[in-house]
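Consider the two complexes below, in which chain A is the common component and chain B and chain C are the respective partners.
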Partner chain A sequence: MTAIRVSQQSSINKHKEEETISFFWNNKKLRARKGDSISAALLANKCQIIGRSFKYHRARGVTSAGVEEAGALVTTGKGAYTEPNVRASTTEISEGLFVYSQNAWPSVRFDMGSILNLFGRFFAAGFYYKTFMGIPPLEWGRGTGIWMFFEKFIRKAAGLGTASRLEDPDSYEHLHTHTDILVIGSGPAGIQATIQAAKTGKDVLLVEQDYAIGGSYLSLLDKSEFKKQTIKLKKHNITVLTRTTAFGLYDDTTVGLVEIICPEERDKKPRKPRQRFHICRTKRLILATGALERNYAFSNNDLPGIMTVSSARTYLNRFQLLVGSNIVISTNNDSAYETGLELETAGASVTILDSREQIADLLLEQILGKRINLYLGSAVAKAKHGVISPCVKHIEIAQKTNDGWRQSGALSCDCLLVSAGWSPVIHLASHQGCPIEWNEENACFISNGDNKSIFFAGSAAGIWQFEDCIQSAKEVAGETRTKGQKPSSIIGGWRTAIAPLYEIRVPTIKGKAFIDLQHDVTASDVRLAHQEGFISVEHLKRYTTLGMATDQGKMGNVIGLALMADALNRPIGDVGVTRFRPPYTSISLGALAGMHRQSHFKPIRKTPFNNWSLANNGIMIDAGLWHRPWYYPKQGENLQDAYIREATITRRSLGICDVSSLGKIMVQGPDSTTFLNRIYTNPFAKLAIGKARYGIILRDDGMVFDDGTTWRLSENSYLMTTTTNHAAAVMATLEELLQTRWPDLRVHVTSVTEQWAGCAIAGPNSRSLLSEIVDDPSEISNETLPFMGVRQVLLQNIPCYIARISFSGERAFEVYIPSDYSHTMMQFIWNKAQKFESCLYGLEALGTMRIEKGHVTGAEIDGRVTIEDIGLGKMASQNKDFVGSALRKREMLTSPNRPQLVGIFPKDKNKTFSAGALLNEAGKRKGHPLGWITAVTYSPALGHWIALGFIEGGLTAVEDKHIVLSDELRSNFLDVEIVSPHMYDPEGKRLHG
Partner chain B sequence: MAKSSHIERISALDSYFTNRPETEISTEIYFHLIKDTKITQIAIWPETISEFQNYINTQKITGDFLHPSTVCQIEDARFVRVEPLKWWLLNDENDVFQSLSEDIAVRLDLSHSFVQLKISGKKACSILSHHIPVDMRDAPFPINKLITTSLHHVGIKLWRAQDCWYIFMPRSFSESLWQLICKTAERYGYAPK
Partner chain C sequence: MIQISCPFCGKRDHSEFSYGGDGQINYPPLDASEDTWHDAVFLRENIYGRQIETWQHLYGCRSWLLVERDTRTHEIFSVKLAHSDWQKLMEENR
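And now, the complex of A and B:
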């Protein structure tokens, strides 16, 4: 096939004819016309071998002019801008674009990998499964050893393009788009539907995956009708998106669109994203997605120079490229004849092989007197390449007989065009599970959408005649066709009925006959799948990989199903079709991520003290979505130095910690007390106003859910605090209980986590500091604010809450300040704290002090522990019901052998250990462990490393046992002592001081 | 308890708007940080709705306050039903619900919970559409409608006013969300100082 530029066929692109640009093909500089696709540019430059096939490394050329392209896959760009597996047929060439062939070494013309083609018989379907299950008898039943060895070689040999490992330098964005009517496809039916819909006054959005609107209009020689329609389109206020693929249809007619921003536009406005992901919600969806022309299976049907008939027409009339001078067309339907005529008019010698034995007189009259040879009842049995060139040079003809096909002659050609029927593009409807039916008469699958909000128009509905396509578009867009009504237009419309054609098999002819060019799946593979029992379409797909490549079987699926139906001796409709899945064509992950990457990968929560902490040398750590102060290093300190200093100063004098991230829920209403009494395991009915109480919440299954303190602020209002991790889950649970289980309770719950900034002031001097900062110091004396007391006080005339509660084990207070005042107030508090030996402490020191005290957090309350397991069984009231009170009494949850919370000391106090290590009895390191470590720290108070963990039966069960800690990952094994989890000040003297 | 203080409220986004209360760089988009937002939540009980209605009817109110998402005017404040049994009272200076009995409704101050951002200009809606999934066209989202929606998976309130949009972002998320909005606005020519 040697394509040549021909004189301008129509005036539509005349203005572009003189505009030429340069691009690089495998680093060689070439010229192209502006507006060319990569395929057109390569064909115009006599580049016929574009790539190498997936498995056999066979030479592949341009096979189409659309999204069904299976051969001309290329890599564009360089370095970080590399984009593999780009369809050359649908990508516009741009100035300076680098285009590379892929899956070939050292070059696409001479590829060493093509040696695999010689061993093709060994690589049939299921090759990997069978070969690498293990070499019998050495690996029988064990498998994978040899696979692991060969995998890297196979992966290197097979495949498509290679993605860049560099960070994507481009930007992407999301856009939520809403419209009344979305029309997908801008061919004749799509444009007609858009104009018709716009007349109803509704918002209409037209999307087109090509870089130009027009669809099949662009392939016509006479574009006068297209021009008229374009003018009409512009008169209406219609949004038109080109370069936009509708890749998926989701619930409630939500359509995923990916818009590629024109490179030229981005050159002018560098801030523009490379791609935009539209989440489009529409009330009515019109699928004018057209139909894809199929090929059929015959020997060597993948040679460069073989393409679909319609693509040759597109190259001729859109890109002014005549794809050959001696062209053979093989068809089974009427559509190829018009193309044959146009090719002949453009100067080519044309031969048509029609598998039908009779055709309509009208078609015969059309070709009468033209340089077109017609062979009826004929098809291609085999394509042959030249002696040196791998491109098609000859074909062997098959003649229809009563019981099949026989070899009947040969023809030379430089281009073979194939048309074995049309497959309406029904993928999007399939995504939503719309019914899909095999239409025997037209040899294709057809869908009517859902007949509520998803409609088909044009050839996407299986309508072949232009006028009928236009009529169907008017019906669906003008809403003359209502819900549930079937189209009045004629489906089909061939002048001579199509003759199903899926494969030509002639016994005397050998060679690979491909059905899925991208994944090198052959007709023999389908028959092999059938022989081996993989007859379901789902099994066929997975066994042969048919339809799994980037083209998702757009051409090959129907052929594969037809061959399987033939093997099963059943109609194609009975074999079924796999449900298409998004995306319709490949889309970049960058577009799906949009701006949500790097620092915006997830939303970040910052406490009201965040900026103040940063200004005071705070180092932050992610805790869920929160940024929390981790530690506050002095000059030269590392993490360990800092947290040891912070914990030491806090226990010795005074420390201040940001605890704003704790969940805070306001519980209001006359039934609040009853509500809390049902939520918590311990009684809340008699909690006095101005007092706080520590509580445990269980899940319905009896496991511990969360813990925290709840403060009674007035007769009918409480402030509940939760752990940082479970704040949202607790809030959701409370809402659910009120709405579904106890709707009779007059209680409102509202999250006030954002409303209040919280800081813990801990240490022996905490009350002294508070005396300095509250407007009335008498309010925080031991009598007015005893342990677990709560008061509203004024700080700098701002109403705040102070609760005397402690997580550190020291005398401590939590001060809650309205968030917008927190920055100023913290500076005020910190200034006052300078009178004392004081420090700011972060999450690490907080963790150290809580481990010393044996206080539990999410590390221990991991969803698998009961209230008894964490040593708080006495908090479970026997006198009332509460959430989880029934199921917590299950036998397995009350077993005395359950792992229980303990403290752990290394026997050699110089040793360290890590969280996650296991606890075993000496000499029994293997098997199920006795326990595990949940949290470790160096304890400044005790002078050595300590840990919290769980061990079967708890402290009393292992008192006389020799326990060893084993950390297999770090090869750390040491003797440990199991102690009470309350490792520091177990009597709580400091707490109550 | 006395509530007058010389301490100024500092919004979570203050540092971004310091000396720039009305950003003017682009004619297409304006951002304005509303400081000292006052939000009071009024929550009633299913059986007290008629009493609540009677109480409201004694006030100067324009608009259907029972209609979900419709922002009404009550005295100088704005009033909107945000949940079936909850209303928000915005910028109430006259304490219009001071005499409302706790038997009918409970009140809660949420003024510090949210950061209120005003977005105006020709591109305001376009910028918001990058992140907010709701249909902001005139018919489905008329002036004086306030809804709860999401922005980067964070629950926010969106209010369409006469010639601008307001978003109420949870305070802790506001900086992260603002940076995202700002980054989007830059693509429309907005140039933060």
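And now, the complex of A and C:
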């Protein structure tokens, strides 16, 4: 096949013909016409071998002019701009574009990998499963040693393009689009539907995946009708998006669109995004998505130089490219004849093989007197390449017999065009589960949409005749058809009925007959799948990988189904069809991610002290969405040095810590006390005003949900604090209970997490510091503010709260400051703290001190523990009912053998360990462990490493056992001592006084 | 990509809402037996068709809603406030 440019009378591209641009094919500079697709540009430059196939490394060329392209997949761009598996047929060539062939070494014309083709018969469906399950009997039951060895070679040999590993330098946008009517496809039906819909005064959006509107109009020789329609379209001021693929249809007729911004536009405005992802909501969806021409299975049907009939017409009339001079067309339907005539007029000699034994007189009259040879009842049975060239040079013809096909002759040619029928593009309707039916008469699947908001028009509805397509578009867009009504039945419309054709098999002819070119799936693979019992279409797909390449089986699926139906001896409609999944054509992950990347991937929550902490050398750590101070290193300190110093100084004198991220919920209303008493496991009915109480919340199923202190501020108002992690979930649960279960309770809950900045002031000198900052030090004496007392005080005339609560185990206070004053107030407090030996401490030191005290956090309260498991069983009231009180008494939840919270010391005090390590009895390291470690730290107070964890039966059950810790991943095994979780100051002397 | 019509806020994208659970469970009083609670918490109908479920308009008015939805098609037939008194008020003032 050698394509040549032809000059035509068509004026629509006349001015463009002058404009030539240059591009690079495998780094060689070539010229193309502006407006060419990559395929057209390559064909015009006599480049016929464009890629190498997925598995067998067979030479592949241009097979189509549309999204169904199975051979001409290329990589465009360089470096970070690399884009693999680009369909050459649908991508516009642009000035200076780099285009590369794929899956070939050292070059696409001479590829070492093609040696695999010689061993092709070993690589049938299921090859990997069968070969690499382990070599019997040596590897029986042991699996895949062989696979592990060969995998890297196979992975290298098989495949398509390679993505860049560099960061994507482009930006992408998300857009919410709303319209009354969305028309997908700008062919004759799409344009007509758009014009019709616009006349009703509704909002209409027309999207087209190609870089030019027109659809099949672009492939016509006579463009006068197209011109007329475009003028009408312009009059109506309709939004038209080209380069925009409707890749998926979702609930509520929401359509996912990806719009590729024109490269030229981006050259002018480089900050424009590369692609836009539109979430388009429409009331009515008109699918004028057209139909894709199929090929059929015959020997060597993948040689370069073989393409669909309609694509030759597109190359001729859209790109002025005559794809060959000696062309053979093999068809089973009427659509190929017009193309044949136009190719002949353009100067090619044409031979048509029609698998039908009779055709309509009208068709015969059309080709009468032309240089067109017609063979009826014939089809191509095998394509053959040249001695050196891998492109098609000869074909062998099969003649229809009573019970099949027989070899009947040969022809030489330089281009072979195939048409075995048309498949309407019903993918989007399939995404939403609209019914899809096999139409025997037209040999294709047809969908009617949902008859509510999803409609088909034109050839997408299985309508072949031009006038009927226009009529169907008018009907669906003018809304003359009401809900539930069937479309006027004009489906089909061939002059001579199509003769189903899926495969030509002649016993005397051998060779691979492909049904899915992209994934190298052959007709014999389907038969093998049948033979081995994979007869369901879903199994067939997965066993042979039919339809799983980037084209998602646009051409091959129907052939595969037909061959399976044949093997099963059942009608195709009974075999079924796999549901199509989005995306219709591949879309970039960048478009889906949009702006939600890097620091924009998730929101950041900063505490009111954030800037102050950063200014004071704080290092931040992610805690959920929060950035919390982790540690405050002095010069030369690492994390461990810093947290040990911070914990030591806090215990010895004074430490200040940002605790603003704790959830804070105002609970107000006359029934607040009743409400809290139902929520918490421990009694809240008699909590005095000005007092705080530590409480535990269970889930309905009896497991621990969250913990925190709740402060009674007045008769009917409480401030509840939650853990940082569960703040949002606790809030939603309280709202759920009040709105769905207990609507009679007069309680209102409000999140005030953001309104208050909280800092913990801990250590023996904490009260001394507070005395410096409050106006009246008597307010915070041990008598006026005892342990668990709460007071509102004025600090610098700002009303703040001071609660005497302690997470560190030291005498400590939490000061709550209105967020707006947090910065100055913190500076004020910190200035006063300089009188003492003092430090700022972060999350790490906080963790150290809580582990020393055996206080639980999210590491222990992981949703799988009961209140007894964490040693707080006494907090579950026996005298009242509360959320979770019924189910927490279930047998398995009350077993004494459940893992319970304990402290862990290494026997050798110089040893360290890590969270996640397992606890076992000595000599029983295999199998289910006795327990595990949840949190570890170096304890400055005790002078060695300590841990919290769980062990079956708790401390008493393992007192006389020899327990070992095993950390298989880090190869750390050591003897440990199980102790009470209250490892430091168990009597709590330091808290009081 | 379903949309839910919040009685307060109007039609909003489902991403503003969070799914709760089965809206037809009558949770027993706190002093009910273990068995009664077991049934309420763990036993669920796996409905193929219309079901009533709870959703919260988390990034909106924070109302808990009773949504009648078809599990096959995701079609939504009705949305009410879960709080019975509030729903009554809404209906009276419509």
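The working rule: the second predicted complex is superposed on the first by the 986 of 993 C-alpha atoms of A that agree within 3 Å, B and C clash if a C-alpha of one lies under 4 Å from a C-alpha of the other, contacts with A are read in each partner's own complex, and residues count from 1 in each chain.
Just so we're on the same page, contacts are C-beta pairs under 8 Å (C-beta built on N, C-alpha and C of every residue); 3 or more make two chains touch, one makes a residue touch a chain.
What you see is a predicted model, and the numbers here were worked out from it, not measured in a lab.
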item	value
Which of chain B and chain C A:Pro629 touches, first, second, both or neither	neither
Of chain B and chain C, the chain that contacts the larger number of chain A residues	B
Partner chain(s) touched by A:Gly655 [first = chain B, second = chain C, both, neither]	neither
Contacts of A:Ile279 with chain B and chain C, given as first, second, both or neither	both
First, second, both or neither for A:Gly290, with chain B first and chain C second	neither
Which superposed partner A:Asn797 touches (first chain B, second chain C, both, neither)	first
Touched partner set for A:Tyr821, first chain B, second chain C, both or neither	first
Contacts of A:Arg678 with chain B and chain C, given as first, second, both or neither	second
First, second, both or neither for A:Asn716, with chain B first and chain C second	first
Chain B and chain C contact sites that coincide on chain A, given as residue numbers	279, 281
Contact set on chain B toward chain A in their complex	1-12, 15, 41, 43, 45, 85-86, 102, 106, 108-114, 129-137, 140, 152-154, 170-173, 175-177, 179-180, 183-184, 186-187
Complex contacts: residues of chain C adjacent to chain A	1-3, 18, 20, 27, 29-34, 36-38, 40-42, 54, 56, 58, 62-64, 73-74, 81-86
Chain A to chain C touching residues, read off their complex	250-252, 254, 279, 281, 433, 678, 700-701, 732, 735-736, 738-741, 743, 881-883, 885-887, 889-890
Residue numbers on chain A that touch chain B, as the complex places them	173-178, 203, 271-273, 279, 281, 595-596, 599-600, 602-608, 611, 626, 666, 668-669, 716-717, 746, 748, 750-756, 792, 794, 796-799, 818-821, 823-825
